[in-house]
Amino acid sequence: MSVDLSKYKKDFPVLARKVRGGNRLIYLDSGATSQKPESVIKAESDFYRTINSAVHRGAHLLAEEASEAYEGARENLAKFLGAKTDEVIFTKSATESLNMIAYSLGNPDSRFNVKSGDEIVVSQMEHHANLIPWQQLAKRTGAKLVWFSITDDGRLDLSNIDQIINKRTKIVAITHQSNVFGTIILLQEIVKAAHKVGAVVVLDACQSAPHFAIDVKKLDVDFLAFSGHKTLGPTGIGILWGKSEILEKIEPALFGGSMVDSVTMESATWAKAPRKFEAGVPNMAQAVGLSAAIDYLNVIGMKNIAEHEQELTRQLLDGLSEISGVNVIGPKDMKDRGGVVSFTVDGVHPHDVGQVLDQYGIAVRTGHHCAWPLMKRLNLVGTTRASFHLYNDSEDVNDLLAGIKKVKEYFKVGK
Amino acid sequence: MSVDLSKYKKDFPVLARKVRGGNRLIYLDSGATSQKPESVIKAESDFYRTINSAVHRGAHLLAEEASEAYEGARENLAKFLGAKTDEVIFTKSATESLNMIAYSLGNPDSRFNVKSGDEIVVSQMEHHANLIPWQQLAKRTGAKLVWFSITDDGRLDLSNIDQIINKRTKIVAITHQSNVFGTIILLQEIVKAAHKVGAVVVLDACQSAPHFAIDVKKLDVDFLAFSGHKTLGPTGIGILWGKSEILEKIEPALFGGSMVDSVTMESATWAKAPRKFEAGVPNMAQAVGLSAAIDYLNVIGMKNIAEHEQELTRQLLDGLSEISGVNVIGPKDMKDRGGVVSFTVDGVHPHDVGQVLDQYGIAVRTGHHCAWPLMKRLNLVGTTRASFHLYNDSEDVNDLLAGIKKVKEYFKVGK
Amino acid sequence: MELDSLYQEVILDHYRKPLHKGLSAAKDIQVHHNNPSCGDEVTLNLIMDGQVVKDISWDGVGCSISMASASVMSDLLIGKEYKSAMVISDAFVELMQSKGKSSGDEQLLEDGVAFAGVSKFPARIKCALLGWMAFKDASTQVIA
Amino acid sequence: MELDSLYQEVILDHYRKPLHKGLSAAKDIQVHHNNPSCGDEVTLNLIMDGQVVKDISWDGVGCSISMASASVMSDLLIGKEYKSAMVISDAFVELMQSKGKSSGDEQLLEDGVAFAGVSKFPARIKCALLGWMAFKDASTQVIA
């Protein structure tokens, strides 16, 4: 293996666990949520132990220190994304980030707003979190939802991009990496087409930002969302990034304390971004925890992490191709794909595959992966999915491959 | 002091801190956010260390255990409120809870929905979080926002309740305890009037649920919101409780994974409550942390906590009444009031009061307390506010009183 | 192995050769139940003869546990009085909630006791209940 | 005491007897700035004579720091060329961001250096800047 990240594994306390009768935990479900290094856990609890207080509100020392920690986290996240500090908004999750944009862009007071006659573009491989908010926005406003199809090998079908993205298009909401196939979407053509017609591009970076380096300026998208918990960070924290010129022109979606400029009984005006989009006492300890996760990732280097996951993915794809009756769902080669591998085992339901693997300590995800329309398009009831992060190693892949063979034996399918 | 809670103080690590040149930390800002006992901090980090994984999603042991912990937290919170388990929804904060209800009740597909011609009732003493979402709902739907005034001694003026709550009323959103005055609102008359006309009552319990026992059945309100971080729990977690009959009939406000019954590219249907209202991978570690906070509160007993805070409040009000040039803003007696005390010092701006107190290690809140319309009604630029939780003691009050005298000396006001 | 308590031979047999699978032409009622977290689906046709369960047929996609359970359920309940079908159904639900502490009443549940081990796997309980819930829904609608 | 570095006598003097407080009848422009987190407000009237700051008057409610700072700002900038007013203003902003590490250029800032200690209290920096920001806003609008 070209990059050796083995020394980092010990930083993740949960990986020392023994499960199901003494097996070591082989955690291959980072696509659902990642594990957290000790430094992240400590950053979050240290916040409570030393400086816990409401940011931006108190006149006292703790409030000062908490504000500094919280705003420092924002700065750190901005650097991580190549963004301006004031463009980074803390939410509770990518799901909330995406819903917030949908509400904002549907508010008639926003200067970029969606209305009847407009079109919203998604794709057939979106996670529910980047599909249903747009369905609902379409419903609320009378706009029309249209979508890119997928090809049989799990790629985005851009052959009809000229019809899909047209003069009526106002929003293009697309995933950066499929959480089912692992396919990485090349954005250039889409962004160009969208911007040509004046549409904004919303990027679901849930499966990309945690795994390879992102630069929002280079991607040239307009909004981006990802979750802290998939990025070695705490649960309960997400990121919404938006271009400052656009954040200025749209209305917030959550209303309350700390996001106002002035308030009367009848109406209110808003503070500038990012405050405008952060109503209430924020998830401060989680922001600080996520910032520690970013520090941790930076020390290792996103490039090394990506390379490491590529190696593991190659090993897994190779291994799966040698087991009869096992079908990889999605790209079978390494071109533009990340460390998420879905597969089926002939004659065994994914749920049963996962159950047997679990018996050997192997944690995978089974089912429709919150991408039900995609499963229907593929005529599948679900898949079994293995997904990596930096703490996985070649032994994990070997154990998974051995586990799949045991599944076949257990259910007496194939040779 | 009748209830002695002194032995619990040591459970809160931050209270051992020395601030501003060696002073002990006298934390009197629990109205903004409470401190957290070690057991809560540990519960949250133990989640990450031992069972971290995405609830309701994996087929593996960790996912099982995480789901059990998360759903156990829900059960615990339900018991705390006297509610059914499925009525408890985890949000990120009270602010989000209140915004979610406002969106849900404004969705034309909800069977209880607000439209043009309807009226929404709030009060002049609402926190921005229980005011602006309703302003916005009124704006979106064409409904009218009306409000209860306050009396000069900081009570709700119910003299015109028959006009305020009328046939057009669809929602009454009201605070349980003022975060500025400490006034506890007696709900019976309001709930009765609201239900008589078929309106729902939304209770902002941010300042009540953390401090005294709540039973949603007895209160007979329809929705209730409060924040974990004011309840000794983690940041990034809030509660939305709703009557099951109503939760059934309203649309969710956040859309994504885990909240669906079925999904196609065009549309989706919803799971039952509480799932319907919890899109995405939830703030699991925070839910588990909040559950530990509830356990902690239960051991001490909400009744004891309330009594303890009453004692401290009485002591503070007595003390303040003896300092010339100090004005208590809000009820000056103990009738229907909790442990939040606002005051002004003649000739010294609240911000300056807070700054001098901070120098002595005393952490208070200053400003408009996210109740700007209330400040305008009172012709005040702000107040200084001291607020208690179980870890405060009589010495804290004495130090605050001494601190206020030092403020007056420092700014050379009064005798 | 712990796993064997989940995948009893009886279960795997029913999974491989499910009974009463394939929807009947006639029906008093049809219901469709699914399990949104894993995508399992069951469609169930019910024919009642007064208070007697005359016929159950079903179709669906799902894991071994959900399919086998639908098979056992249909075979067990056809021909029973509505009331005793409810007793059996309640006993099965109770078994599922027993966290591995009950082995079930074989007199009542017959092949259903093979699912006792499922109760130790919280994520699979809803698989085992899918068909039963569909029957409960359908029969209550017809009887009501 | 640390506090004394914040509340310099000069500041308290300006607070008690603010200069140029009370809005003039004439004005080229009026701006209103506030500080939403604490509620401090300043309204500022500006009269320019070509490139020269002819008059500043202001009114407002706020803490000692914000009111004293508006007082110092107005007194310092009246009569200055727009360009040097900007230089002074930038120097004041820089002082505020110095985290207690700069004592300020007394030549340039005069009474303004009394605010050096404010830079150690992050929550108070925006108080000290309120009046200055109002001036910057107003003058830029007139000059543009």
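Miscellaneous remarks
Letters A, B, C and D name the chains as they come in the text, with residue numbers starting at 1 for each one.
Keep this in mind: a residue touches a chain if its C-beta (ideal position, glycine included) is under 8 Å from a C-beta of that chain, and two chains touch if they have at least 3 such contacts.
Computed from a predicted model, the values in this text were never measured in an experiment.
Annotation of chain A and chain D: jointly contacted by B, touch as defined at the top.
Counting C-beta pairs in contact, the pair that comes out ahead of the other among B-D and B-C is B-D. Rounded to whole angstrom units, the spacing between the C-alpha centres of chain B and chain D is 37. Computed centre separation for the pair chain A/chain B is 31 angstrom, with centres defined by C-alpha atoms.
For the pair chain C and chain D, the distance between C-alpha centroids works out to 77 Å. Chain C has its Cα centroid 45 Å from the Cα centroid of chain B.
Along chain D, residues 37, 121 each make contact with two or more other chains.
Multi-chain contact residues of chain B (touching two or more other chains) are listed as 20, 57-59, 63, 258, 260, 262, 351, 355, 366-367, 372. Chain B makes touch with chain A in their complex at residues 13-14, 17, 19-20, 25, 27, 29, 32-33, 35-36, 40-42, 44-45, 48-54, 57-63, 92-96, 98-99, 103, 124, 127-129, 131-133, 135-136, 139, 145, 147, 227, 229, 234-237, 253-258, 260, 262-268, 279-286, 351, 354-355, 357-358, 362-367, 370, 372-373, 376.
Residues of chain B that touch chain D in their complex: 20-21, 349-352, 355-356, 359, 366-368, 372, 375, 381-382, 410-411.
On chain C, the positions that touch chain B within their shared complex are 34, 36-37, 121-123.
Put simply, chain D touches chain B in their complex at residues 1-3, 6-7, 12, 37-40, 61-65, 121, 124, 127.
Looking at the complex, you find that chain A touches chain D at residues 56-59, 63-64, 67-68, 258, 260-262, 271.
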